[in-house]
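Quick notes on the structure that follows.
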């Protein structure tokens, strides 16, 4: 038997790692992966709460998050490719002009 | 006991993977750490009984999305991260903000939440029931999401298509 | 079991023609365009004739409901068509005269670059006019009503590159709008009080109501409002001002829309609504007075006009006045009868005038015509027939219809109106013969044939590239395709009246008398008095013939015998003459009383006051404010992704702290 | 059944399965060389043992004793991990494949597979979808143009065809109403009119089988879709830089994947272990289903090899166009039609 709060804390840790990654990483792909990490953390809390409240809807939400994450990955990576083509760098600190 | 053991083991793998993601300087290592995180998360889902979610987690996240990441890393031949100083704001506000938020959340979760224990396989999510929910209670979100995915596909194609193909006068990257 | 007449086909046929020509006509040759336009309008005419044969008296009125249109509670409006004797007469007039004018237009407009456009509009007009006529409820009628207004606008402004044509179109549209406003309010009143717009139901309800003899009530208001609408469409005082300007359009348009058909829609509408007017004698009286005044007023203006089409325009107004006069004394059948004969001879007059203009190369000023009768004999003789018809020369169409009107006016006891009517008849005769003499007799006063070619092109055609294909070698007769309609209409003008007012009255009686409260003047005439009445009628008719003869004599005297005399008379009359020449300054008065205050008010209050100082200022200031605020915070938008993440994290921390604080309090 | 016995039985089954699978892999290689040899009018391996039957053994020994060469500029951790990843995922998926009914041995009632889970098909799909990492990472970490191109091609191709593959299976899932491989096989028991087996392929899923077949060729990087290792342009694709045992691992992974794919095809479309009427003594009755199963796998593998010996290689854009513009719409259409029929029949 594991207290629910352990799952939530794990989820929180993953989320915090994601935020930290966003803040400290320079590579735009890694930053994007940090976002995925945050989403995963949130998913865990969804599933945990679903188990807690015996509501399958929580699990259904995870699917939506996954689908949105997939869509986001497709578009985001396409953007990264486009950015790389024009800037020839993946370092976000060097991609700070709002125009070409 | 076994439950806690398995939970802790994979939880640790999870956190280790997440931290490794931050520590590693090469994006492909970060990506693989993330795959590890996702795999162990799938196990956590199984512990909670959500077998279908776990399977989809592996297929979609680990098997498709992360492959896409790896693919892009390979395609762009991303090298090691360079240590550049770009943002003071991120350091001054972001890190403390993140820390404060996390600590507050952890405190609330551990001290004040009245949630109880979760048994192994507490809520089995049979595909049939989840499908039923998706196509009845969540039909509208489902359809909207499908439109979103369609648009995302088109957007990805448009964004990633070579700009020089149609506008030869545009500056090439 | 009523036979299926398929009434809907009649309006829809011209619509098909209009659609084809409007959408694809640009790519068609002129032959194709005219074949389509003539084909579809001709088909409508044939269809109308077929219906005339099919629809014996037994089957009328015939109602054909196609589809529901508006359904709201108890209120329902259908796409439904209604055919009775009244609409049958109108149907034949509109399709018949319309078809003839279509034929004429092929010849008249051949040189125009907008040939296909013209015929598309013309067919469109036919569609709306037929909808108006065949509608079985006021709303559908209103659609047709508005539609003919639109078509009229488009056709007046056909040469839209010409400033005057464009503004004439606008003027017609706006003045009509005022009338439509009245019509619309009448419709609202009907919906409110009768809960329906169907003719049958409305008239049923009205029949059950008492006649408003003493005070003005609901029916009087509806009647007056309808009259406002009719005055707008049919160019009655005070809304007649658009019609003379509408002469900027091509002459066939003037003939079809502004003489024969559209302008008579008001008369038709009043006749159609006769049940309402019969129950509102005061409204009826207003109709009569307005009609009579218009008739006289327009006739006096017509006397002094020199533009051949303007004369005819004022004549039209005047004749419309006659029709309203007839309706005003509840002699609807006489009004409709005059409407029909008027459609023949006025259509003919305009077409013949068009032929004259065509002959002299676009000149419209009668002072530069003269002596044309040898050059253009066909036009001359047809025009003569029409002139005789309008002035009421015995045995011509106008003699019967005008005589009928005057007799009915007299017998209703309105002697003053009758006197004015006779005076108007005299004036009509005078200005018509004046036109006749000035145009066809005497010496040709225009420029020499050598240099009028340019003028012609400029006046008739807006297009600089329209060459005179058939060559203008001086004054010449129009092509056959223009003359055939003239001849047919001339025949109709001569014999069209011989049907006689009485028979016409009988034909229309199922419509106009069946559910009518008996009104003194219109009660079936008792048998013993008939003889005496007949004698009186002949006497009165001789009076009007005399008046016409006097007009003829005077015209002959002034413009044929002693051409210098008019100048002297004008000089003698001085200020009054000036006033009449300037159409009593009505346009100027309207401009001063309505237009200028409106423009000033709009400019000062609505534009400068509200739009600029309130609406625009709100917008400008909020935009300015937004800009200033953005200016202050834009430094946060550094373009550095990680800084954004930092802000978000800090903000999230604040939110979490707030929530925790709220939750643990 | 106590935990100890369960673990014991599981270990025994795992060892058995692994041994059989690896042997199967070895002899699939042999079979391929033999069959392709005959197709190409030559003999194939003949020297080692009768009909060259010991050739795989000789090959294995050779691989083990070759020098394990690591090129200087590779990214070492991943270079070493990649073949392991590929092989591990290829071998793992076999653990969910049922080869027959439940049997009772020594009083222990156990299914003829390592674990019996009710979403078996999903897990198999998940594991095979992870196999792409091995190929992709091998290509990238080798730090060689040929390898990189091979890895890129492999990952794009496998992601693309996974969609068609998954969709082709949905029709079968709708017919069976379950993710459990055992249920799916059971849904195909019996015959139509006594002689046509009720296999899914005969139940209107022929199109799905075709799609599955095409996608399977692409997923296992086999001719006609073996672009990732197209030797005429990429030397050897993603495993250009590999030698000795690491190369053998890729080799084994490829054939193990073939066998997995053949197992899945058998289970999903060809009626699994169901065969003609049961006959013979009880022991034969217990063994026969396994025999039918193996026979079907053999037939499928033969088809694989036959195609390899017959068809030329596609161009890469043809491959992608085929997957996205033909197979995917076809799979969707098949799915819609199947769903309609099932809904109407219900």
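Order of writing sets the labels: A, B, C and D. Residues in every chain begin at 1.
One rule holds for everything that comes next: a residue touches a chain if its C-beta (ideal position, glycine included) is under 8 Å from a C-beta of that chain, and two chains touch if they have at least 3 such contacts.
Just so it is clear, the structure is predicted and the values come from calculations on it, not from any experiment.
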- prompt: More C-beta pairs touching across which pair, A-B or B-D?
  reply: A-B
Query: Quick one: chain A and chain B, Cα centre-to-centre, how many Å?
result: 5
- line: When centres are defined as mean Cα positions, the distance from chain B to chain D in whole Å is 29
- line: Distance between the CA centroids of chain B and chain C (whole Å) is 75
Field: Length of the line joining the C-alpha centres of chain A and chain C, rounded to whole Å
entry: 72
Task: Quick one: which residues in chain A touch 2 or more of the other chains?
output: 19, 23-24, 26, 92-93, 96
Field: Contacts with two or more other chains, residues of chain B listed in rising order
entry: 52, 56, 64, 68, 73, 75, 86-87, 90-91, 94-95, 98, 101, 105
- line: Note: chain C residues in touch with at least two other chains are 638, 640, 642, 645-646, 649
Query: Which of line, ring, star, complete or other matches the graph of chains that touch?
result: other
- prompt: Where do chains touch, given as pairs?
  reply: A-B, A-C, B-C, B-D
Chain A - residues contacting chain C, complex: 19, 22-24, 26, 28, 31, 92-93, 95-98
Task: Quick one: which bits of chain C touch chain A in the complex? Just the residue numbers, please.
output: 637-642, 645-646, 649
Task: Show which residues of chain B lie in contact with chain D when the two form their complex.
output: 28, 32, 35, 51-52, 55-56, 58-59, 62-64, 67-68, 70-71, 73-75, 77, 126-128
Message: Show me the residue ranges of chain D that touch chain B in the complex, using the header's touch definition.
response: 78, 117-119, 122-123, 125-127, 129-130, 132-133, 136-137, 139-140, 148, 151-152, 155-156, 158-159, 162, 177, 179
Query: Which bits of chain C are touching chain B when the two form their complex?
result: 638, 640, 642-643, 645-654, 656-657, 660, 663-664
